[in-house]
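Please read the structure below before turning to the comments.
Note that the chains take the letters A, B, C, D and E in the order they are written out, and that residue 1 is the start of every chain.
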Amino acid sequence: MQQFANPARFLKIANAVLPFVWTVTVILFVIGLYGALVSSPADYQQGETVRIMFVHVPAAWMAMFVYSVMALASAVAIIFRHPLADVAAKTAAPIGAVFCFLALATGSLWGKPMWGAWWVWDARLTSMFVLMLLYLGYIAIWQAIEEPGRAAMIARIVALVGFINIPVIKFSVDWWNSLHQPASVFKMGGPSIDASMLWPLLVMGLAYTFLFLALHLVCMRSELAQRKLRTILIARGRAN
Amino acid sequence: MRPLLSLMRRDLTLATRQGGGAGTALGFFLAVLVLLPIGLGPDQFTLQRLAPGILWITLLLSVLLSADRIFQQDYEDGSLEIMAMSSQPLELVVLAKALSHWLSTSLPLAIAAPFLGVLLNLATEIIWPLLLAMVLGSVALSLIACVGASLTLNLRRGGLLISVLVLPLYVPVLVFGLSASTGSVELVTPSLLILSAIALASLVLAPLAAAAALRAYLK
Amino acid sequence: MRPLLSLMRRDLTLATRQGGGAGTALGFFLAVLVLLPIGLGPDQFTLQRLAPGILWITLLLSVLLSADRIFQQDYEDGSLEIMAMSSQPLELVVLAKALSHWLSTSLPLAIAAPFLGVLLNLATEIIWPLLLAMVLGSVALSLIACVGASLTLNLRRGGLLISVLVLPLYVPVLVFGLSASTGSVELVTPSLLILSAIALASLVLAPLAAAAALRAYLK
Amino acid sequence: MQIVAANLSCERGGRLAFSNLDFAVAAGEFLQLTGPNGAGKSSLLRIIANLGDISSGHIELHNGDSDLTLAQQSHYIAHADAAKTALTVTENLQFWGDFLGGDNIAGALGSLNLQTLADYPVALLSAGQKRRLALARLSLVPRKIWLLDEPSVGLDEASQGLLVGLMQQHLNAGGLIIAATHVPLGVEPDRNLILQGKS
Amino acid sequence: MQIVAANLSCERGGRLAFSNLDFAVAAGEFLQLTGPNGAGKSSLLRIIANLGDISSGHIELHNGDSDLTLAQQSHYIAHADAAKTALTVTENLQFWGDFLGGDNIAGALGSLNLQTLADYPVALLSAGQKRRLALARLSLVPRKIWLLDEPSVGLDEASQGLLVGLMQQHLNAGGLIIAATHVPLGVEPDRNLILQGKS
């Protein structure tokens, strides 16, 4: 893993794979959206609104996935002192926040017809809301602390401490009584939703994942560029 | 005028640089907003009925806690002494700091709160009266909070003591703010007028009280 | 052992001398307790039903806000540096400070709260389960608050940022604490066990996290 | 212009810091306050800056600017540096300039050669660099009266030299300086007031 | 016992404070750190006290107490006084005594004659009196290594004399002192490390 340590090499790799990642993303979205909007039937009770699912569910998955990535990166940063880990965690946060917001927004759009309310305080929605807060808090920390090294360490701790929330979201529906759909894809004994809906859902999930990968690489690249710039400026300030 | 404007500019800069001004306050607002439904139970109709009250209380707390250290830093690093020595009346200094707190924190919250009411599915026709009442009320809230902050300057546990002193003063704002925002649908209600009266009164009285308290700490 | 005990003694002394330890916290508790019924409407039955939730939320906020500067003073006057240099592991220092905060503030609140419930005409048979749950929960609350305090050490606006970081962690305590105190009349419920598990976990994990954060600020 | 104090006494924390103090300083003069810790040097300076209470006696400014108080015509450099750590050196000076009604930022930076640090956030400054920023206020806004509490603390040799230069210049320009110190400042005091503390 | 540093570099706030520093101090020796503001004196002391990060190089303690770290065998007197204003002088010393494992309160009070102030709340102490309280820690708990950051700041003549006495005594007893200062401390340094800052 140390061979990626050197940012220069990372940049080389990133630049190499990015075009590939982008193309895969586009292709997956095309297939997924076709499956979601055209081939799959409207739900017999939910009607056309069911199609929101193909935006909502993957977004929700990503919101949790990205936070886990942040937590993992933070752990790596603490254990292996890997120079890129902090950059990875820091740049993942805003992207994850957007996914989280998307899940919340589409969810509440879906909620209006389904539950007759934009928002209900059931376990999953609440914990998802809390996840949004954690994203905001994490981002705030990076802004609030001037000294980079210090900010990095504090941010790692925030990410790891907040990770407790992820299992809570995943299993909240089973713990507390909830209006929300129980897990129907990732659960014991295989998925329980119709195949015609399942495959587009999974493809969309994959598409989202690649989208994240692409965006993440781009953000990491610019973050590294900024840090380079900063050190140069400081060196100049030191010189005169 | 220039001195006070520069003071406001400085405080606004500081608010955005350290701990992100309105952002953090908004975060706190949301955090409390999560706790209340969990605590009070998720029942749709109860929440809808309680929504305005919940929003007002959350606003009160956010403003109060965001203001608790408004003078402390200036006191500890000696800036306050220099301002007190200058030819600027301390009352105006207080007013300037209070206004920049209002701009950087209370006003954004007051504007955001009614729309966050969606989370408690607040009845949509209340949004506008609520917005108006909160914007007016937030002026009073910021100024009263400043009085509390000046009274508890550099006390450890200031954060709590200030609440004990200030929350009672918040009661009128809460009462009239609530009735202004729930009482009726038309915008201008008697309560709203009383609320504006309170806001104006605090604009005059709060700086006097706060400045006096600050002088006491400086001597 | 002696060093940590002396640290606890010192913190308890300070808590009583500056801003009056439990007194202020209790004041804040009461202030919020007055505010909530005004905001939520004085309707007896609603209040009675909401009483446990209101008490829990007020407890959460009081503990959180009383702890927000628990490390700040030691950091600013250089005491923390000397403690970090000493042969006492920083984790134990944190634990000692957390415990003295619990003794001086959280515990008294947790004991007082159920009886203050009468103000909201809390059903009397709930008092004891509530008391038990709150005493247990307050341990977790104090420790988690310490983590937040260490993360936002000496950030201006720390008081708010801490809430954004900590309140999410408070949610489980609130949920299980609430169901432990309202769920049923017999004392030992599953929720109570989970609550104790949370308390124990935070006893172990919170000092680790807080100490790491403090080290980051000292370097 | 002259500052005259007649049997001044000061009580702090219930104890008499000093009593029956008499002194007079005229324009162009430098009054140096010395004496053991706790003798009341800082307290005296705070009193002159109208930041402390007089228990008895009085202190007056003769033929200074009549529509300004003594404090309003004075610079007071205390132990605290009155600088915001989140702002850069220039931003801090900019603010004090606007607030106190002066705009000689370049001069202020130069006076304690802070030019190279102009764009650094104060959080990153060392003890002495912060001190220099505080002293830069002296050249930022012109004031007739300087009240300095241990001004040379934490300054390196070079900066101490600069400070001496500033003080000399101010005295020659008809300014008035009252400074408390434990170490010789390098400027010959015209008058020396020795406070005898009991502790 | 000996402290040895080999091409030590320190980066603070993204800038290099100093680089490739080499020095060695043995028991009974006094190493004096001088240099312009921002040269890195305080940073170096913090590094030795394990309160700062080393960017490169390393620092070691040879044949000291093997089961204690360097920091654990050191006293570090920084600019902050590590005293609680709500407690009295004695209470503060009492606490540090218990915490650091020493009990020579009387000796500590005497060492900087604080006896008369013993029962004053620290809130009522003057700048130099607070400083003396901080320095009293040196005699409160015996430690082989003293790290002093501008220790004489704010002390009156008498106290400066006491400090000199303490340092001499410590050196004669085989102690080791590293002190940063801008003014001569009154104790002849065995080694003098001059840090060249650029700003």
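For this structure, a couple of remarks:
By definition in this document, a residue touches a chain if its C-beta (ideal position, glycine included) is under 8 Å from a C-beta of that chain, and two chains touch if they have at least 3 such contacts.
Owing to the predicted nature of the structure, the values given are computational and were not obtained by experimental measurement.
The largest tally of C-beta contacts between two chains is found for B-C. Of all chains, the one whose CA centroid is most distant from that of subunit B is E. Farthest chain from subunit A (centres taken as the mean of C-alpha atoms): D. Distance between subunit B and subunit E, defined via averaged C-alpha coordinates, is recorded as 45 Å. Note on chain placement: the centre of subunit A and the centre of subunit B lie 35 Å apart, centres being C-alpha means. Taking each chain's centre as the average of its CA atoms, subunit A and subunit C sit 32 Å apart. Contacts with at least two other chains are made by residues 13, 15, 53, 79, 86, 198-199 of subunit E.
Among the residues of subunit A, those in touch with two or more other chains are 126, 130, 133, 136-137, 140, 144, 147, 149, 237.
In subunit B, 14, 18-20, 24, 27, 30-31, 34, 38, 73, 156 are the positions where the chain touches two or more neighbouring chains simultaneously. Contacting chain pairs in the structure are A-B, A-C, A-D, A-E, B-C, B-D, C-E, D-E.
Across the interface of their complex, subunit B is touched by residues 49-53, 68, 71-72, 74, 76, 78-84, 86-87, 91, 94-96, 98-101 of subunit D. Across the complex, subunit B meets subunit D through its residues 2-3, 5-7, 9-10, 13-14, 17-18, 73, 76-79, 81-88, 218-219.
Those residues of subunit A whose C-beta lies close enough to touch subunit C in the complex are 126-127, 130, 133-134, 136-137, 140-141, 144-145, 149-150, 153-154, 157-158, 160-162, 164-165, 168, 176. Every residue of subunit A that touches subunit D in the complex is listed here, in rising order: 146-147, 237, 240. On subunit A, the positions that touch subunit B within their shared complex are 108, 117-122, 126, 129-130, 132-133, 136-137, 140, 143-144.
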